[in-house]
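Two complexes follow with chain A in common, the first pairing it with chain B and the second with chain C.
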Partner chain A sequence: MRAGGAVSGYLSAAPLALLFTVAYLVPVVILVIISLSASTSGFNFTLVHYVAALTNGFNLGILFDTLVLGLQVSFATMLAAYPIGLLFMRCGPRGRAIIVFLILLPMLTNTVVRTFAWMIILGREGVINISLMSIGWIEEPLRMLYTRTGLIVALVQIFLPLMALPINASLARINDNLVKAAEGLGASRFYVFRTVILPLSLPGAIAGFLLTFAGSSTAFVSQTLVGGGRQIFMPLLIYQQAIGVQKWNAAAALSIVFAISILVIVFAMNRYSRKYLRGMDA
Partner chain B sequence: MTVARGHQLTVSRVSHAYAGVPALTEISLDIPPGSLTALLGPSGCGKTTLLRVIAGFIRQTAGSILVDGVSIDDMAAAERSIGIVFQNYALFPHMSVTRNVGYGLRARGKPTAVVAERTAEMLRLVQMEKFGNRLPGELSGGQQQRIALARALAVEPKIVLLDEPFSALDKSLRLDMQIEVKALLQRTGVTSILVTHDQEEALSMADQVVVLNQGRIEQLGSPADLYDRPRTLFVNQFLGHANLLRATLRSRDGGSVGLELDTGAACAVPSDKEHAPGSAVYLSVRPENLRLTDADGGLFTATVRQVLPLGSMDVIEAETATGTVLKFTQPHQRGGIRNTAGELIHMAIRDPAACTIYSAGTQSTSADH
Partner chain C sequence: MQIDRRTMLGILAGSAMAGAFPAMAQSKEVFIATYPGSVDEGFKAVVGPQIRQKFGATSAFSPMLNTDLIGRIQASRNNPPFDVAIWDNGPIITAKQDGLLEKFLESGSPNYADMPANLRDPDGFGPAMALTSIGIAYNPKKIKTPPTSWNDLWNPEYKGRVGIVGPASTLGTTFLIEVAKLRGGSETNVEPGFAALKELVANVGAIPPNPGALTTALSQGQVDIAPNFFNNVAALKARGADIAFAVPSSGLPLQTVTAAAIKNSRNPELAQKVVDLLIDPVVQAQLEAAPWIMMPANPKVALTGFNRDVGATVGDVLKRGIFLDWTKFIASRPSWVERFNREIRV
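Let's look at the complex of A and B:
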């Protein structure tokens, strides 16, 4: 490429870089500064908030549980996305367009609205309970809202597009003859999936997994509304520290610790998956 | 080798339609144990559909596929014990050569030791034992083809299907691979079906050639049979080149007919076909059946349009006085080409018995090729 081409490339990326710097990087830097300050009045360097964040058993428990929730949701979403992907693989262009449309359809509704919809579905007098009681399958309403399972189900639905789209894309790239070749060699459907389809679609699945993990572990509104007040995850903890008890510096330190934890897991998974993919080649 | 020798494949009155559009119509053929049969035809003739039906990837609308006389119609592809070599080989890109070759054995739950031993044996058979740790992407086209064949043969299939296996190879390599693959298939004794649109490939490799056209069997026979005695104009034009001379049938005398060519010349040709006297026919003459002659012995004259020296042969294109363009060949002679463009030449037919006659008008004169 010509040097001039590279320069003009940087130039055309400049507005976005500027926006990114002002709207994202600067707030993050400010957040780091606040987290390293003793109080909000002036800057007095201290690590006390980090020490508190990393030694307080209550905080650490919530951090761990939040990351576990993210992993649970990501795995469940992946399990939900693969059947869609396999159907997508078998469809013609028309069928595929319909599937993509159906996947994208919920995204036209705001996440907050979708969260309220889940409250209506899962609630004590929600759609499921009323239906089950009216056909006489249950006497008492089931407790689904404000449970972890209910929360996971809602988060799976909310983050499904982020998982299904990359998985579909990587499944669609698999040459159909590879599947036929495997079947012709006597492989069962499941064996073909395990040895050919799954490994070859793993790049898409990992991309979806990381997006879902980062999204669902930080999903403040859904966690709080569907999960209820008794389940506290990091976003709510940070919110309480900042807005509830006005401990801005502690909240900032918790935010940085939380963000770094997610980044560490994302990078570790990325590295591991690459290693795994390479190992599978040999 | 422990490959089971000789399984008979029978296609019995198989028809298939895609959404009501017929792709195959009443196909019946017998593929003898251990033989190599070529399914030959232009694209859209139904050969790929037939291959998919045999492999079990699609279910035919009617008819039956039998192996050793037993129907396999209700078996899934994975149960049929039919090996397939795909056009682009379809090697698993994320597996090493060794794992590719051993795939079918592992899928069948064979013990690791058996898989390893058999894989090594197959790699030796295709002379690729040094490439076991490579990925398919690191192999040349010919090497990938060998691996694809080794993978298909490793599970000791009853039948091997080869779907346009040489079309992705460049021409110089193709002939070598054709010879190698034919030798391998003969050595293992497995019944094989080769799907191809390349008539040279079909003629050179197969024991039996099935010419398909528009979902029907046009003709079935040995390569020599099809080339020398094409039953239809389509087969005549699809296999090799056919020079078609317009003629009128003037007389019939026992096993031979008297023709008057459109150039005015008369000739007698053996024919057992029923053509009414006075009917318009095509006399088909293969390029190697035409020869140059002097003015006295000539059947007709033509003007040379082009001379193409193809190494051992010169191909000459000439036009008759009535506008029919002919191609004929003659062995190349040291010292250059004998004829030049624009030259008037006299031509004769070497062997009238090797000519075929088709009625004009009832069949399309241009093969879809």
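Let's look at the complex of A and C:
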């Protein structure tokens, strides 16, 4: 049984592996081929699209800004998720079930629908502006839709479940006696959080951070609809190149550059966190 | 619930027969690529039944963007997934260059004689089956004096109320060229257009990412005046929104929606017949009516309802219309997109 375990394990993973190969790996390879070809009719090897993508200062600025957006959203989401996690930690099984249900509830709505809801909330004649104007706090409507702050707020709400669930899971695993011991020895609440709870929950936070980062920096629909056409991030730039002006090869090269940039950050964070965790064990 | 083998066999046999019989009864099927939204709905409701009635064939319609369509045909050139498609001015140039289209057999088309010269593809790939026009969309409750010219968008009264889109869309490209023309530029010289857009930024309240989002911005009061497609305005107006369409005094920019057969179609004759059917006055008149509100290309068709906001007859619309020559600027468009991204920002 033991000896065959590995083999049957691989075998049972085979269908999914096959699906990934056909539905994910093959398209990525095709994308790479397109990005290395001069035009879409026939394959003529060239690196011009990569040279263009990597030497165009404006495009590089957009790439950098997109990664910064992802980091901003991930940090903000983490700040929003920790209080939920701390509440989750203190709740009994019933309370925890309710919190998980409330976190998952927005995920039952399609992202596009949630994005449209944010447009209605943030718009010039949206819920916030109309309310604030009717109680006389503001005279002119505030500009929230098509601003970076508005976009970050919307993305935080959209990606909160991806951050809150892993953080909750790792907080729930923390041995309560550690917290009690620290408190008993006179540590302040904040000190307990900083030296006990935060380090022990970091694996969950890093998992959530990576998911949120990868998701929010590539969130085409939310970025374009809430962010507008004036704030250009990589997904919109790629869309313009591919769909707007039919420069597929250039769009493919931009996609590969973007994907690699995200992967580099994800791998770097992963490595760092593993090193950090190993350090904690020792 | 457990499904035993006999039940399973029964289900399989049943679904196989259900699938096989219609195919045997009607051997011919034509696959048509349409545009998402009301165009696709109109084709399904009007064109599908006509194809069955006239040619005894079944039809399947797939709504998609032209760029997506080009990709799908290129992926399987020898056995293309479509027999007929409708095309915008920009993408059809790519489709022709890539050799994806079949020439139109004019002699076999009874309705082709109706079509004016400027609604026939210059390279012989087919007739325009619909027209889309661009003008000034505005909220009549907020903008009391109806606009008459593109220049009205620069009116200081509309500070923060104007919406525009970039040249990655047909709408943005056309707007840029029309504004350039008003300031001494042309289809190939958009320099004055960019200068004018920079001045317009003071008035601009939103630059949505695409024309659809611009239409949403208009309907939600994010902006009150913007260049837009007549079709988008008519669709909102039909739903009772506060929106109106003004034809600019410099002329009504028109785009053609060209119907063309796809090369290597399995039913080449039927494909040619379907292209002819699409410009048939009866089909065109049905698509012209609400709720589809398509601007017909065949001048025999009378205009009704909202379409009369643009002109009294198709001939009238064509007379007021301006056609841009996309072959002249399609190569410079990518640089315009980049320039807009770079220069027209807050």
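Following the convention adopted for this analysis, the second predicted complex is superposed on the first by the 273 of 282 C-alpha atoms of A that agree within 3 Å, B and C clash if a C-alpha of one lies under 4 Å from a C-alpha of the other, contacts with A are read in each partner's own complex, and residues count from 1 in each chain.
By definition in this document, a contact is a pair of C-beta atoms (placed from the backbone, for glycine too) under 8 Å apart; a residue touches a chain by one contact, two chains touch by 3 or more.
The model shown is predicted, which means the values in this text are computed figures rather than measured ones.
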Under the superposition described at the top, does placing chain B and chain C together on chain A give a clash or a fit? fit
Is A:L145 contacted by the first partner chain B, the second partner chain C, both or neither? second
What angle, rounded to a multiple of 10°, is defined by the Cα centres of chain B, chain A and chain C, with the middle one as vertex? 150
Report the partner of chain A that touches more of its residues: chain B or chain C. C
Thinking of the overlay built on chain A, is A:G92 touched by chain B (first), by chain C (second), by both, or by neither? neither
Let me test your reading of the model: by the given contact rule, A:K180 touches which partner, first (chain B), second (chain C), both or neither? first
Which superposed partner A:P199 touches (first chain B, second chain C, both, neither): first
Applying the touch criterion given at the start, work out whether A:Q246 contacts chain B, chain C, both or neither, answering first, second, both or neither. second
Min C-alpha distance, chain B to chain C, superposed, in Å, is 45
Residue overlap on chain A between the chain B contact set and the chain C contact set? none
Residue numbers on chain A that touch chain C, as the complex places them: 40-41, 58, 62, 119-120, 123-126, 145-146, 224-225, 228-230, 232, 236-237, 239-248, 250
Give the list of chain C residues in touch with chain A in this complex. 65, 67-68, 70-71, 74, 90-91, 94, 98, 165-169, 205-210, 213, 216, 220-222, 333-334, 337-338, 341-342, 344-346
Give the list of chain A residues in touch with chain B in this complex. 175, 177-178, 180-188, 191, 195-196, 199-200, 277, 280-282
Which of the residues in chain B end up touching chain A in this complex? 55, 57, 76-84, 86-88, 90-96, 103-104, 107-108, 133, 135, 151-152, 155
